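Here come two complexes built around chain A, the first alongside chain B, the second alongside chain C.
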Partner chain A sequence: METIRKHLNLLSLFAVLYLAFLYVPVLLLPLFSFNDNIYVTLPFKGFTLKWYSNLLANSGLQSALWASVKVGVGVAVFSTFLGLLAARAMTRYRLPFRRSLYALIMLPLVIPYMVIGVSTLVILRRGFDMDLSLWTVGASHVLITVPLSMLVLMARMEGFDRSLEEASRDLGDTAWRSFRRVTLPLVMPGIVSSLLLCFITSFDEYLLAFFLAGSEATLPIFIFSSLRFPSKIPDVLALGSLILMVSIVLVVFAEWLRRRGVSGSDSSVI
Partner chain B sequence: MTQPTIPRPMISLQSVSKRFGSFVAVDAATFDIAPGEFFSLLGPSGCGKTTLLRMIGGFERQSEGDILIDGESMGIRPPNQRPTNMVFQSYAIFPHLDIAENIAYGLVNRDLDKATIAKKVAQALEMVRLEGLGNRRTNQISGGQRQRVALARAIVCEPKVLLLDEPLGALDKKLREEMQIELRQLQKSLGITFIFVTHDQEEALSLSDRIAVMARGKVLQIDTATSLYERPNCREVAGFIGNMNFFEGRIASIANGVAAVEIGPGQHVRVSAGSGSAPGQAAIVAVRPEKIDAGATQPQGNGAATANVIKARALAGSYLGDRSLVLAEWREGTAPISVSLQNRKTLATASPGSIAGTDSVATGAPIWITWPIEAGVLLNS
Partner chain C sequence: MNTQTATNPAVGDAALSARPEWLDGLWLIVPTLLIVIGMMVVPLVGIVVVSFWTQTGFNIEATWTLDNYRVLFTPEGALYRILIVKSLWMSLTATIAVVLLAYPMAYFMAFRIERAKLIWIILLTVPFWTSYLLRIFAWKVILGFNGVINSGLKAVGLIDKPLEFLLYNPTSVTITLAHAWAAYAVLPIYVSLEKIDRSYLEAATDLGDSKWKRFWRITFPLSLPGTIAAILLVFIPTVGDYITPTLVGGTSGIMIGNSIVTQFGKANNAPLGAALSCIMMLAITLAVCAFLAAIGRKRLKAADL
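Let's look at the complex of A and B:
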């Protein structure tokens, strides 16, 4: 008994340390964003909101944020749409070369972004003579987020009884009505997860954006370039805190949606 | 297979086959089902019964043949354009809808106003005895109740044919027996044609007007419960439904509709023979264990003249309360004869030497196996 208790104490200690390691740095971000000091060091010098008011004046940051949101939302919607089609095809039909197709769609997950970035850049510039823009960034983000979306949605589609769709056809639904009345509501938690996942992935993706953005910077690019100027760092902290807050609200909202949508017996993935 | 023709069949299967690659799941099924009939498809798993049901419902496309429902060719019509509804094995209750919404699901596709739908749903809930549960969520009801929701959801659409895919398989024994009675009553009162898929022979025998026994994609025999049990048409049906003793041999002679089948050197058993039998044919005599009598002494008198008598050796006896099972070896190297004896006598009245329980069957002791000539069935081998 004694040794078990000792092990338990060590385990709890490990758990606490682990959680602290994960989250304390993130929690320090909002703390320092209110600190009246241009350098991010202790001790705190005083409370200020000036970094937040600076944000309102920083047009470069604002346009970078707006660019990232635009790309993120577009990528999330488009990738989830593609992911939904792919997941449905993978789980509902007997496809020839199903496994090879699956591997092919999943491949971008394991190819280094650097390789994708360089090769896409070469093809777009040399092959198609295209100008770089947020569109090219978005295209590369779709490439890397479709596998994520498909994974999430496939798990969701495999998770529910196929005879539910048959039952709706049996009860008079056309294929399209059956999709709308049964498949879509049941897959909805997966769709929400996929939208969030794709948005976040695109939103903080740096490498591909670095290779493929034209004159318009996305937020990660802007932040990295700001780091060269110490005076800009507190602005970034303020922005980071705001983003953190929005993410928490989003995640809580998604979780609430999920619990409300399908309760109890039918647990969701992610 | 010859079937009595049904003048206006509700379902008519015309050499319906289904192939998956080179595997034949259903092989040229051809039969009719009468309106208002409770018809069962019975067979071991993988025999094609569910595939056949799914073809009638439109969930699988037949490779060959056609299915007529109420005289209309179904061809490759999708499920939503067929006058059938299905109760799925998993029930397929929509988890995102409540009970009433589940039952109303099919009605919403009709041109009905809200008040009519609400009225029909209320009636359906009453019919399956789920009054007042319409607002429950689907995870708040028991397995038996889910089964009733699935039933109500299908019946409320007033199909011409109701398809049931092992609907009672997931219920425990007691609940299953209750639901069997309810199902039968419901079918009687509604007059809808039921096609019921099951692998449980007792369920099929007790519920159905007629049963089609299937194996390896083929329909072996279609008959009433009594005929299937008493007059199976082949060894497979005989062996699948209930227990059966088989004696393989050759027809030695036929006289007055009774064939003598030689089952061993100089050993004959007599059995009623149909018109198709002739001396010299290989044949099997099948006898149910409960039609056989066993005694420790050789039967005497005129009873022996109209019965088959085989001398055997008791291998084992087991006392099962209402009956006793006795295994008897009549010839080395063949399957032992199984005999089921009703324990009608009390301990006080049981005569010494009679087999009323395991203790009175001494292993290795000689026993006399007898059964009346008309109790056996002659099968082609």
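Let's look at the complex of A and C:
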């Protein structure tokens, strides 16, 4: 009995230390965003909110943020739509070459972004002589988020009872109507996670954007170039902290929503 | 084909029409396939082709040559050879570090946490909601010349000059990567541990296995799919990483990704950059194949993703 207790404590201790390892570097950022010193070094000099008020005047940062939001939302919606269709095809139909098709769609996940970035750059510029823009960034982000979306939605669709759909068909619904009235509500949680996952992936992606963005910077491009200039870093830290706070609120809210959904609907389905 | 649809009882209305049912499914997946072909297959073919072309001044000429690959075997190509080996090595050490640290955490979450597992999953993923760039930058703040560790040690009086070996070397890159990719390792391992049927464990205990024996005979083999997935998920993208070596690697910590970017930028030699990309992909593929072969075909089948 004594050894079991010791074992448990060691593992728990490790878990706590591991969380500390994950959190300490990340929490340093908000900490330094309130520090009244243009250089990000210890010791702390004093509390200030000026980096946050600077954000309101930093037009480069604002337009980069806006560009990233635009691309992220577009990519999330488009990829989730494609992922929904593809996941349905994968789970509902007996496709020929199903495994090869699945592997092909998953392939972008195991090719380094570096390679995808340079090869897309070469083909767009040399092959088609296309101008780079946020559209080209968005297109490459769709490529890397579609497999994520399909994975999330397939996991969701594989779980549910097909007889529900058949029942709706038997009761006279058309294929589209039974999809909209039966399948879609069941898949909704998967759609929400797919939207979030695709958005955050695109919003945070640097390398593809770096190769394919042209003159309009996305937020990661702006942050990366700011990191070379010490004077620009505090603003970036303030923005990073705000983004972290917003995402925590979003995650908690999404979780709360999900729980409400679970308790409110038929539990045998979920 | 018709016999197949006829034997499938689920396809009532497809049997009535002559059209096979899977055709509907194909239409659903075609848009995704078009994206994958247009944005990945075509560019990859393109880069392989360009890697056999020549750069003359500001133009790329479609003259076929092996020079871009040949340069790797000359004395001038030593830099690229070293960088490729070094990138593989740094990713490998980072991957091992990530997985070794992640496994006990995943184990803890799967077997020690009984209630509110979701809270732990959220706790684990929240740090990854900050920008990847800022997470990497945070390590610069920790390890830097005037960083947290140096100023901390100075304040305590343990050192009077900042330690310079902390930042800008392969080790700092490895530590930073181990932190940045943690969630990619913990979650897949956790999922496969969570799936293990607990009655197997009880059976092993009933049959007299000790805790360790039980772990190595049951838990570990059954967690292999997630562990392998974690290894691949961390190893493959980190070989080609650019951000981390650029921010915390200094001159001694640069990786092959940095030199690919240079070829497409300052050095303006896209064919050579294309060749380096191809070689990097080839090296990753070979490393992954060697790894999977080492694990064995039988295990691989069980781990089929």
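Here, the second predicted complex is superposed on the first by the 261 of 270 C-alpha atoms of A that agree within 3 Å, B and C clash if a C-alpha of one lies under 4 Å from a C-alpha of the other, contacts with A are read in each partner's own complex, and residues count from 1 in each chain.
Here is the rule we go by: a residue touches a chain if its C-beta (ideal position, glycine included) is under 8 Å from a C-beta of that chain, and two chains touch if they have at least 3 such contacts.
Fair warning: this is a prediction, and the values are worked out from it, not measured in the lab.
When chain B and chain C are set side by side, the one touching more residues of chain A is C. Once chain A of one complex is fitted onto chain A of the other, the partner contacts of A:I248 are limited to chain C, with no touch recorded for chain B. Contact with neither chain B nor chain C is seen for A:A217 once the two complexes are overlaid on the shared chain. In the overlay built on the shared chain, the residue A:L237 is in contact with chain C alone; chain B does not reach it. Looking at chain A, you'll find residues 166 touch chain B in one structure and chain C in the other. Chain contact summary for the complex, chain C toward chain A: residues 4, 8, 10, 21-22, 24-29, 31-33, 35-36, 39-40, 42-44, 46-47, 50, 60, 101, 104-105, 107-109, 112, 118, 122-127, 129-135, 137-139, 141-142, 144, 146-148, 151-152, 155, 179, 182, 211, 232, 236-237, 239-243, 247, 257, 260-261, 264, 270, 273-274, 277, 280-281, 284. Residues 160-161, 163-164, 166-175, 177, 181-182, 185-186, 261-266 of chain A are the ones touching chain B in the complex.
By the touch criterion stated above, chain B contacts chain A in their complex at residues 57-59, 78-80, 84-86, 88-90, 92, 94-96, 105-106, 109-110, 137-139, 153-154, 157.
For chain A in complex with chain C, the residues that touch the partner chain are 7-8, 11-12, 14-15, 18-19, 21-26, 28-29, 32, 39-43, 82-83, 85-86, 88-90, 92-96, 101, 104-105, 107-108, 110-116, 118-123, 126-127, 139-140, 142-143, 146, 150, 162, 166, 200, 204, 206-207, 211, 219-220, 223-224, 227, 233, 236-237, 240, 243-244, 247-248, 251-252, 255.
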